[in-house]
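You will see two complexes here that share chain A, one where it goes with chain B and one where it goes with chain C.
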Partner chain A sequence: MSAVSEVSSNASAIAIRRSTVAAELARVLAPESVLVEREALMPYECDGLSAYRATPLVAVIPADEQEVAAVLAVARATHTPVVARGSGTGLSGGALPHAEGILLSLAKFKRIVAVDPLARLARVQPGVTNLRISQQVAPLGLYYAPDPSSQIACSIGGNVAENSGGVHCLKYGLTVHNILKVRAITIEGDVVDIGSDALDSAGYDLLAIVTGSEGLLAITLEVTVRLLPKPETACVVMASFADVESAGEAVANVIGAGIVPAGLEMMDKLATSAVEGFVHAGYDLEAEAILLAESDGTHEEVAHEIEKMIEVMRASGATQIRCSSNDAERLRFWSGRKAAFPAVGRISPDYYCIDGSIPRGALAKVLKRTEELSERYGLRCANVFHAGDGNLHPLILYDANIPGELETTERFASDILELCIEVGGTITGEHGVGIEKINQMCTQFRPAELAQFHAIKAAFDPEGLLNPGKGVPTLHRCAEYGAMRVKGGALPHPDLPRF
Partner chain B sequence: MSEPFIAALCERIRDHAARKAPLAVRGGGTKDFYGQGCVGEVLDMKPYAGIVAYEPKELVVTVRAGTRLVELESALAAERQMLAFEPPHFGEGATIGGAVAAGLSGPRRAYVGSLRDFVLGTRVVNGKGEDLAFGGRVIKNVAGYDVSRLMAGALGTLGVITEISFKVLPRPAHETTLFFELDEARATEQVNRWAGQPLPLSATAWEAGKLRARLSGAASAVAAAKVRMGGEEIDAGSYWGDLREQRLGFFAPSHALWRLSVPQTAEPMAAGHAQLVEWGGGVRWISGDADAASLRAEAARAGGHATLFRGGDKSVGVFHPLEPAVMKIHRRLKDAFDPAGILNPGRMYAF
Partner chain C sequence: MSAVSEVSSNASAIAIRRSTVAAELARVLAPESVLVEREALMPYECDGLSAYRATPLVAVIPADEQEVAAVLAVARATHTPVVARGSGTGLSGGALPHAEGILLSLAKFKRIVAVDPLARLARVQPGVTNLRISQQVAPLGLYYAPDPSSQIACSIGGNVAENSGGVHCLKYGLTVHNILKVRAITIEGDVVDIGSDALDSAGYDLLAIVTGSEGLLAITLEVTVRLLPKPETACVVMASFADVESAGEAVANVIGAGIVPAGLEMMDKLATSAVEGFVHAGYDLEAEAILLAESDGTHEEVAHEIEKMIEVMRASGATQIRCSSNDAERLRFWSGRKAAFPAVGRISPDYYCIDGSIPRGALAKVLKRTEELSERYGLRCANVFHAGDGNLHPLILYDANIPGELETTERFASDILELCIEVGGTITGEHGVGIEKINQMCTQFRPAELAQFHAIKAAFDPEGLLNPGKGVPTLHRCAEYGAMRVKGGALPHPDLPRF
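What follows is the complex of A and B.
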């Protein structure tokens, strides 16, 4: 059979399947909630990782829990994969549709169900955006701490799926530290409360395993989040350094001095110069690196902490130190950090964002090696990252229109991630594995560990219908990937059968 | 010395799995009282001890499971750091592996987070005798399912924890305790109101009309909070340590001790029983013989659960019964980690 007819017979098989599954779904959902036309499906082709695209078989937009349950019943009966989607801002392709699957949008789950000011809890539907929670409870003097950069648009259901972080994680933790309960539905149709309104629950800590499970274990129907009192005040110190190494050293010294800053971010010269022309934050453009260190809390705490941080920065060789004198200035200092990605987008046709996490002690080494790789691959790389918790976001600048440049970028990115593993870090600090980092999972984990992950998946989803192909690679895939990347003459999985 | 121990451990577990012969995983044995009881040959983790890596500037420590808690805590204290979740020891021999398996946190829990919140990575041997590593030594890590945190509180039923990495925190520069006289309902409301304000609260405890609130932080911040909160500043002496270790008179060992974990703002419950309330209202300790079914019903109505923590008649079930759909996931998870069912069988639930 020729390649062309194979493709068309595959296409016609998909068309048949599409009409069968759509017909089943039409029996349980309103017609406008079932999307089958190509134009209607286009908005769902990718999430925030737009390099990967697929058209789902069908997209559905259920309006309530009963409708979600009905969709899952159809999926079970027809043995069709299901990919859940929140706002589609994910950066690892976690919500990339399955070409033979149902794309389940939770866009209609937009209600803040209840807020309990005294208990400092909010019960929200998964489609509610991260920022809306904080806005809603602001008059009560409360807020929701995790603040991923996409917080204007990203949904709390997606935050649970990815265990999202933000710039305040060192002090306030990730999503897993800031939620109490997830009401979820399994592919088998069981609606379960995972966690509770109390500080702990009987049995295994299922909340820990469901948070960050990338839609592979269950679908979130409702989330109970913990709210924190808004700090009385906040202040940010901006310090310049003559080289990246001393900035890295300053980060370690701040923490070594017993300070846990609310945020501690670093930007290198390429990043600050890209950003300054964009937002005019007042960054020191002579500096090779700048640090932004925020303190929040009571007036007394902040005054004390800022004084200590300035002292440490100075002793660590800062060439210039500035301190925000009011909230407007503080937000201006931050504006550049928050706008770093779009700003880099202005100086390069395309950029690729990486999300490795490393022990802080390895910062200088990793930055130096990244610089060497940048020279070797002939691609510029801007560094913007959560220095306080060792979460790197190198941005590789490339041009997708130049043949081969995307592939070079991917090799560069892959080398950086493997470097993160080498120094004791991880391939993803907060963006998730999704489809993007699935090959690097083979480097970070051994076959028995991957097999354990698959067994966990099967405990929740025995037939493997929820978001298949994401998050955890098959051992087969790892064998193929390993064969492609023989390093130093040794295969990473010598004990695996090769295909 | 580490690898021969692990290799032997894997071998022994494989052997037990093949024979379906249970193993009772044990550290210092200080928490033998907790749970449904131990069966099988004792698997002693005490020999696998020592701090593997501690870099104070990273706020991360990696430690072998058999390390005694007192040793770990004094190593951290030497660097003015701490395990912020204040794990109860319940005896000098307590090990860090046992603390993680039990998953218990102390007075600071309501304000800084629980033991599981501070776990960054674990190395475990599952019931198939496979040596596995999850998580790591970094603060942020979302590669793979969070098996490390799943291990916390699983009572060794999913795997034998051999090494753990924790996030540690600086010790507060200053601590003080405020004292108030309030009835239970008013005390519960008060501690929740405080928690909604930016105050350096680090523990609360109420018993018999007496409320204690601990403040921790920079001296200036603690002093300012004192003015805002009022009350009487007292020398708490060993109170918070005694609360954590259940050495207060309230915890007299002759009685059954129930632990009700409920929403912090839940109404006073279990009327007529002696109570101690901590965690900002989130934990209600009940001392004395109480009717299991009605305690459980009351805790569940409030949105929580009840554990027969110590003593009493364990035939009523130590841990709160699970919903059938949740129990189904539990059984399958147990099977995913320990298909032969040899690791601490029955210590938590029937499996």
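What follows is the complex of A and C.
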């Protein structure tokens, strides 16, 4: 059989499968909730990691729990993979469709079901955006702490799937620390309520295992989030440094002094210069690196903490220090940080955002090695990241139209992630593994540890229908990856089509 | 066969099994590390829940990882259950031996392996006591936050197994929030390192699933704990109330005002009067209930928080308010709380400590219902608990020598736990399920949820050799429990021998 006829025979097999599965789904959902046409499926081809794309067999938009259960029953009966999707803002390809699978959109699950201001809880459906929760409870003086940069668009269900973070994680924790309960449905169609409204929950900690499981264990139907009282006031210190290493040392010193800022972010010169032309945040363009450190709380607490931070930054060699004098200025300081990714997009045809985390003590070392790698690969790298909790987001600037440059970028990215492992860190901070970092999982974990992950997966989804190919690599894949690395060849790429 | 000969045949079967397993263990451990004689096994017959006792087949005290691995290899080869034990201070019978199993003591694992003051981490073996960590790092100005009342004796491995709490959990979290990594060995003998030194760990959250798993999933070999800087100062407010309900309301109001005290504890009159004759803590003996609320931080923060708390307590009807004027007085205020359990032991032949948790909003209601139950059952009940996080510890006073009184006590305790479930809480706060609360798990969870727990167990320990019969009830057991409850008969007791 020639290559061409193989492709067309595969395409016709998919077409047959599509119509079979769609027909089953049409029996349980309204016609407009089952999408099969190419144009209708296009919006679902990728998530925020747009370098990877695939057309799902079919996309469904169920309206309630019963409809989700009905979709899963079809998936079981037809042995069809299911990939759940929130807003599609994920950066590791967790919601990348499976070419032979159902894409299950939770877009219709957008109700804020209940708010209890006394218990400081909100019960929300998974399609509710992160920011909407805080907006809804703002009149009560409350907010939801985790704040990914995509918070205007990203859904709380996606936040649970990826255990998302944000600028304020340092003080307030990741998603797992800010939710109390998840109502989820397993591939078997069992609805389980995990976690509790109280201090602790009996039994194994299923809430933690489901949070960050990237849609591989169960599908979230409802989330109970913790709300926090809005702090009385907040203030940002902006400090300039003559090199990134000393900014890294300053971060370690702030934390070492027992201060837990509400946020502690670093941007290097490449990032600030990209940002400044875009949003005019007022950054010091002479500095090789700046730190933004926020304090929140009562007026007294903030005044005290800001004073201590300034002292530590000075002692760490800050060349210039400014404090926000009012809330408008504070938000302006942050506006640059929040716009950093799109701003970098303006100075380079393409950029690749990495997400790794390291022990804070290794910050200066990792920044120095990243600079060296940047020179070696001949690619610029902007550093914008959650310095306080050691969560790096190097942005590699490249041009996908230059042959081989994406491959060089991926090699550079892989080196940074493996550097994170080398210093005792991990290949994820808050973006998840998805399809993007599945090879690096082989470096991060030993076979016994990966086998334990697979056993957990089998405990929820023995047939492996939920989001297959993501999150945890097969031992076979790791063996291949290891062999290729030993040969010193180019890094292997995930098996999925890339555009 | 008569009953007598059945018993003796069972005893002789156990004796044969004991010598077989002991012989295998003697091949891999030093002779003094394998205990088989009745007198040598006696100290291991129970943990802190001394109403339940069993003699293990054999007890072993391995000295290092290799020896633990060797014991597990013997367990696998001979299909023998293994129950791990730290200091044996647990209150739910988690370390109760299995009559046909190996009791694996981690008493020799008592090294503090490393302390990193910059990263604020300590790497310790599981047999190190909770308090020793804080003592060791005190010269560095650091401490380990979770502080169970048994902290002088309880081991960090046991704290991980039970996800232990303490007075300061309200502000600083449970064990799971204060550890970063666990090195554990599975029943298969695989050593796995779970968690990471960085912000997040890739893959499913095995750290959370192992924490609180009561020795059913893996055996802890090493724990990396977070250390916190010792606060500059701390102060305790002691407030008196005319009834327990208004003290409960005051707790809700403090939290509702956005204050997160370092500790927020309640004691009722029965508890304070028992304590006062024992340790002279200076409690108000006229009050029906007192609250102890601690604030810690910088001098300014503490002054501000104490002022706010006093205001809220006054508005909530406090009849008397006192603040500790120095650290000696602060410790004296706490001494009564810490001695409450033994103090209650002085005014009653026996007492039964319950551990449930509820949403804070339900505090007043649950306290009132507990009073009613106390009258109905004719048993006194002292309330001493972590009010701030809704973690109740009612102490039922009874006399085991009065026929039927232990059974009445257990019925009372079971009613309180089911009341916790009714108001949206759970049957555990910080003591775990163990053998004690295994029946109430049937009320707390639906069959699909219990099935998911069993699947998790099978993912780690398919043969069910680690601590069988604890933590999660079989569906069969729940069916029997349900049937007995429907018949309105006496509560069934766990299958294990009780003394």
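In this section, the second predicted complex is superposed on the first by the 486 of 499 C-alpha atoms of A that agree within 3 Å, B and C clash if a C-alpha of one lies under 4 Å from a C-alpha of the other, contacts with A are read in each partner's own complex, and residues count from 1 in each chain.
Just so it is clear, a residue touches a chain if its C-beta (ideal position, glycine included) is under 8 Å from a C-beta of that chain, and two chains touch if they have at least 3 such contacts.
Note that the structure is a prediction, hence the values are computed from the model and not measured.
Trainee: Since both structures carry chain A, what do chain B and chain C do when superposed there: clash or fit?
Mentor: With chain A aligned, chain B runs into chain C, so clash.
Trainee: On the A-aligned overlay, A:A208 touches which partner chain: chain B = first, chain C = second, or both, or neither?
Mentor: After superposing on A, A:A208 lies in contact with both chain B and chain C.
Trainee: With both complexes superposed on chain A, which partner does A:G48 reach: first (chain B), second (chain C), both or neither?
Mentor: Neither chain B nor chain C is touched by A:G48.
Trainee: Is A:V176 contacted by the first partner chain B, the second partner chain C, both or neither?
Mentor: Both chain B and chain C are touched by A:V176.
Trainee: I'd like to know which partner A:G166 touches here: chain B for first, chain C for second, both or neither.
Mentor: In the superposition, A:G166 contacts neither chain B nor chain C.
Trainee: Looking at A:M441, would you say it contacts chain B, chain C, both, or neither? Reply first, second, both or neither.
Mentor: both
Trainee: Check chain A for residues that touch chain B in one structure and chain C in the other, and list them.
Mentor: Touching chain B in the first complex and chain C in the second, residues 116, 118-120, 141, 163, 165, 169, 174, 176-177, 186, 190-194, 196-206, 208-209, 211-213, 217, 229, 252, 255-256, 258, 297-298, 300-301, 304, 357-361, 386, 389-391, 424-430, 433, 437, 441, 444-446, 448-449, 452-453, 455-460, 471-472 of chain A appear in both lists.
Trainee: What part of chain C is in contact with chain A in the complex they form?
Mentor: Residue positions touching the partner: 116, 118-120, 163, 165, 169, 174, 176-177, 186, 188, 190-194, 196-209, 211-213, 217, 229, 252, 255-256, 258, 297-298, 300-301, 304, 357-361, 386, 389-391, 420, 424-430, 433, 437, 441, 444-446, 448-449, 451-453, 455-460, 471-472.
Trainee: If we count contacts the way the header does, which residues on chain A are in touch with chain B in the complex?
Mentor: Checking each residue of chain A against chain B gives 116-121, 140-142, 162-163, 165, 169-170, 173-174, 176-177, 186, 190-194, 196-206, 208-209, 211-213, 217, 229-232, 252-253, 255-256, 258-260, 297-301, 303-305, 357-361, 386, 389-391, 424-433, 437, 441, 444-446, 448-449, 452-453, 455-460, 462, 471-472.
Trainee: Which of the residues in chain B come into contact with chain A in the complex?
Mentor: Contacts found on chain B: 55-60, 80, 103, 109-110, 113-114, 116-117, 126, 130-134, 136-147, 149-150, 152-154, 158, 169-171, 173, 189, 192-193, 195-200, 217-218, 220-221, 223-225, 261-265, 279, 282-283, 303-305, 307, 319-323, 325-326, 328-330, 332-333, 335-337, 348-349.
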